[in-house]
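Both complexes shown next keep subunit A, but they swap its partner, so subunit B is in the first and subunit C is in the second.
Presenting the complex of A and B:
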């Protein structure tokens, strides 16, 4: 086993330290930017109750304490899961985040289920045809896919589908969900529908999920195409591939078992990095398709200056990023016996 | 040392490199052409735009009769819901796009280089501290950071630039740290130390200078991604004001009318795509030229 418990503990400790850093940084943005931090924390309220709301926020943040105590106080708030009520939603921040995270993850997973295999296949194909015209075309389209603004692609897909009777706005048809007595367990609707063997809901959710997922999938497809092409071209020159061909091993086996196998560690690493970027894409595309999710929260938080929600989003996304990085490193160690953690 | 650093360490070498890449790579030609086109627009967009005032966001007097016109000879890109000429807005957007991208890339490169090089040269507590800071900022997504800054500082260019710089510099810090670790072990650095050259001069003259070319190529490749993220931030209404001629904002202007007047969003989006593609093509083909492992032009036995 190339993986040690020691490594995982070190990684966990480091992640918590980074999260604490993220928290402190966001507190510094709140306190050091011009204006009254208490008013910002209360959402810049106006009207008769404003003074009271600001006073409450001041007590909550402990702004009369010295700065290091304030920071400790704030850290405690973040890590005990008590960021107070969101101003936009009038609900506890963490419960809103938790509910919406599932929606975003569903979209992201779907995009990666489409993007990674598609990109890998095209990349392998491109590597086998390297030097040819097709290779050039595929390489350029890979670049173009990776450079397409996701929100714009989402709008294009939406506008294309509308004339064909596409009305699937949002994540799920509420009427259908009530009619078929659909229960939510995990928050990933596709999985929930599958668990309950609820076919109409499954296809409804899928039809609403696929168009935005395609828009989000553009980036991983393009990145994957290019990285697989590069790594595969290297792998095909390796001695063991040459020997396998000389021995008359079947072409398919050479391509998949000998050459593609060698690209996997690099592919996993790049996918992990791309995941962080795709999360942003997913958030914007969600907003375009009117789906629930972190992107919707982002948009709703603007108009009422919901700083608590912003902090919550920062913490959740940073956590997510750290987890994905760890998973990518661990997966790399599991695939590649040369990597020791 | 990777081949990249060795080859573009001096000016003559880098010019020769670009010349050879130009001859060999159609992609570099296309990329440079796009980049020059956008740069020319950024300089002259004001004068090329048929309706400069509408480009700047001012609603024309006869808005009622002009709104929502599809592309025609008079309005090649159509008009938006307020009767503004989309062509003018898009042309004038080039300057804002380039401004944002260059500010972000320049500042991130500067901060990242300094942090990476200092961490690699001084080691010890400074190294740990700087690497810790790098990790923190690496975990922050620009778009959420932009939300926090938008609430704290209000709308404007500063939100886009600051949030993007805060989330981009750690990538360059990491890259230059890795390169600088190698450079700091070099004999000429040791000799400079023995000769009594103070550390702050060694850091700049011997380490940073040799790290710069490699990270610079990385930054050129990243210009496209920066543009995409900046557009996303502006699209969500976190950055610039809603009447500025930024491409992301023009896409947002057309968002509500996507089925009735799709041209409003289509053209600025295309400009984002093509510009980002141009930057990536330049960076990519330069890297390919510099690193021969990426260049596999010959066909093998199957």
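Presenting the complex of A and C:
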């Protein structure tokens, strides 16, 4: 068994510490920066009672307490799973988060479905052609893809499509959604369309999802291409691979079963790290394509001093990082018997 | 081999069946054809409690709820909505409203005097207890008496224009008493009722009801077939579904128009208006009561000196402001109150007079080379353009202006600081305002009264001004003409002291797609950003 209880406890401890750290730091930055959350909570009141309303709101939010008590109260809210109501929207923070998280995840998953296999295949191909012109072209492309800002790429894709009458604006065609009585169950529109066997919506959502997903996929594609190429090139020179070739094992078997398998632990680890980076990319790209999601939500929450929503969102993002990295660690341990956790 | 072939054929068949179902069968299913429009609104929705909301929620409230009366700024008249008629006592302290019959709320319950009593009292009492909302419009109301099912009598503690208050854009909406049971509360002031509303529930009588509510991204309204007004309007082309998309970035709205995803855009970059017209979109310009007021910090050197303030004001090339800063989408302000709004005064404007400005600067005793700070909201392109214009012209006087564009929340923080720490508050600041009720008091009290420490960012405290504004408000119910005269005098004081000036009244271009027609009745500057969708005609 590659997993130990010790590992799990350590991981849990550090995860809680990271979440507490994110909470405290975000709280300090957001509450101490300009903007009065109490005024927003009170609805930016007008008239003769405005000052009174803001003072009452300050008490309701606990902002009149000493800073250490505010921090303790907020930590308690975070770890009891109740962040209360959003200051700007007066709705439970978690329900707002879920609506927008689903949008971002859908984009991110699609980018990964494109990016990881594509990057891996190109990496394998590049490794098999190592030293040749094609290898050089692919390696340079990988470098370019991994380093092109997703924001810029998103704008370029959007602008390129517009003259051809194809726009990937928003997540769904409003008219079509209403005409086909599309219902939202999970917030993942592709899945919801499948559940309702709603083909027009499925293809509409897919068509709007692909262009931004391509922009987000650039980074994982580039990174995977380069990492697989490097690991694969090494693996192809390994003794066991050369013996397999010498014994006349089929080329496909040698490539996939012996050489590519050796790249998997590294690929899984890098994919985990790239996921974190791509999450940020997705948050930016969705803005370019007029899609709702965590990026837009975070920007808006900060601009209106909605510290509850902003911190809730940062906690969700941090939790994703922790989960993905843990999954990557565990997957690596399961794939590679040399790794013990 | 045979097994593989069988599996392959089975998979191909399955794909064929699914594709046929998706592509050919489903689209043939009969679906009702709905007229849908998408309105891109430029801000997040901050709440939809009809008694408490005092900000951007008006965009929803204006279509879902109705007031007793409505104000028509073009004629200055009041028109009936949920009240068919009204009378007042001679001294203006008793008002009686006769209510419209056969009106139902969205939940099917009947509209009557009980609903009016509950709605007015809740707005008033929430305000009295917490200061939240705009319930101060009902401040004078001592008692709401139900005379019969369709008549209410308001008894006031002092004379007040209840016809104007009943037409206010906030806290004057009537909601169904059934909401209490729906929300599981007994007391209308229970915070759970506000939570219930803000979850996306509604209980109005308006032409549309809320079908989906996600205040950060989208709100969907559906036509209320039982609305009493459909038979009056006779507009069969009114939209069945209205989708209000929250699109805060003007460029985002522009992209949405190009993508045919938006039918009405409320905020497109001014520089793109020409392009959008060339592409066949229509523009409807609304001269609004949303104005931008320049305030001087009266508690900090050198803007506490009257002559210095006037020197700045006379050095601004006012005729260039609308053309340069607003690209034509604005009307130069006068006094504090916007054009067309009760209490507006013409000719309280300054002229560009560099010689006079230099003379006044000399009289102020402030040496050239002094630096003043100017704070304004960074995401309004007009503010930035005006600030640059002011900076360049004031530099000719020998006064340096340090521009400090900020996010709105930071602007408000900086403005309020004039009361707690005037030396840290900026010398100049731009505030923007839109009205709650059709009364000059709304602007003058909020922006310049010494008790209004939340919004009086000039730190202005002038007992004569305060007295005039307070007295005028008290007189509105008994001697409206005299009240307007006092408001005018109050503005004259501000003008002579150069404390604040209305820079411009915003002209907002609404951009319409080809399939939408918007008659002028659909817009009313008192109800800012509210589009009365029942008037919209959708061409399919």
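Here is the rule we use: the second predicted complex is superposed on the first by the 281 of 341 C-alpha atoms of A that agree within 3 Å, B and C clash if a C-alpha of one lies under 4 Å from a C-alpha of the other, contacts with A are read in each partner's own complex, and residues count from 1 in each chain.
The working rule: contacts are C-beta pairs under 8 Å (C-beta built on N, C-alpha and C of every residue); 3 or more make two chains touch, one makes a residue touch a chain.
Remember, it's a predicted structure, so these values are computed and weren't measured experimentally.
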{"item": "Partner chain(s) touched by A:66 [first = subunit B, second = subunit C, both, neither]", "value": "neither"}
{"item": "Touched partner set for A:248, first subunit B, second subunit C, both or neither", "value": "neither"}
{"item": "Touched partner set for A:152, first subunit B, second subunit C, both or neither", "value": "first"}
{"item": "Partner chain(s) touched by A:34 [first = subunit B, second = subunit C, both, neither]", "value": "both"}
{"item": "Touched partner set for A:140, first subunit B, second subunit C, both or neither", "value": "first"}
{"item": "Which superposed partner A:162 touches (first subunit B, second subunit C, both, neither)", "value": "both"}
{"item": "Touching partner for A:337 - first (subunit B), second (subunit C), both, neither", "value": "neither"}
{"item": "Subunit B versus subunit C as contact partner of A:96, first or second or both or neither", "value": "second"}
{"item": "Subunit B versus subunit C as contact partner of A:305, first or second or both or neither", "value": "both"}
{"item": "If touched residues of subunit A are counted for subunit B and for subunit C, the larger one", "value": "B"}
{"item": "On subunit A, the residue positions that both subunit B and subunit C contact, one per complex", "value": "34-35, 40, 158, 162, 287, 305"}
{"item": "Residues of subunit B defined as touching subunit A within the complex", "value": "26-27, 132-133, 135-136, 138-145, 147-153, 224-225, 228-229, 231-232, 235-238, 248, 251, 255, 258-259, 262, 265-266, 269, 272-273, 276-277, 280-281, 284, 293-294, 296-302"}
{"item": "In the complex with subunit C, residue positions of subunit A that touch it", "value": "34-36, 39-40, 42-54, 56, 85, 88-91, 96, 99-100, 158, 162, 167, 169-170, 173-175, 178-181, 197-200, 202, 287, 290, 292, 296-297, 300, 303-305"}
{"item": "Of all residues in subunit C, those that touch subunit A in their complex", "value": "21-23, 26-27, 31, 33-34, 36, 38, 44-47, 52-55, 127-128, 130-134, 136, 194-195, 198-199, 214-218, 241, 243, 245, 247-249, 252, 255-256, 258-261, 406-410, 412-414, 416, 436, 442, 445-446, 451-455"}
{"item": "Subunit B contact footprint on subunit A (complex, rising order)", "value": "14, 17-19, 21-22, 25-26, 29-30, 33-35, 40, 128, 130-132, 136, 139-140, 143-144, 146-152, 155-156, 158-159, 162, 230, 233-234, 236-237, 245, 251, 254, 276-277, 279-281, 283-284, 287-288, 295, 298-299, 301-302, 305-307, 310-311, 313-314, 317-318, 321-322"}
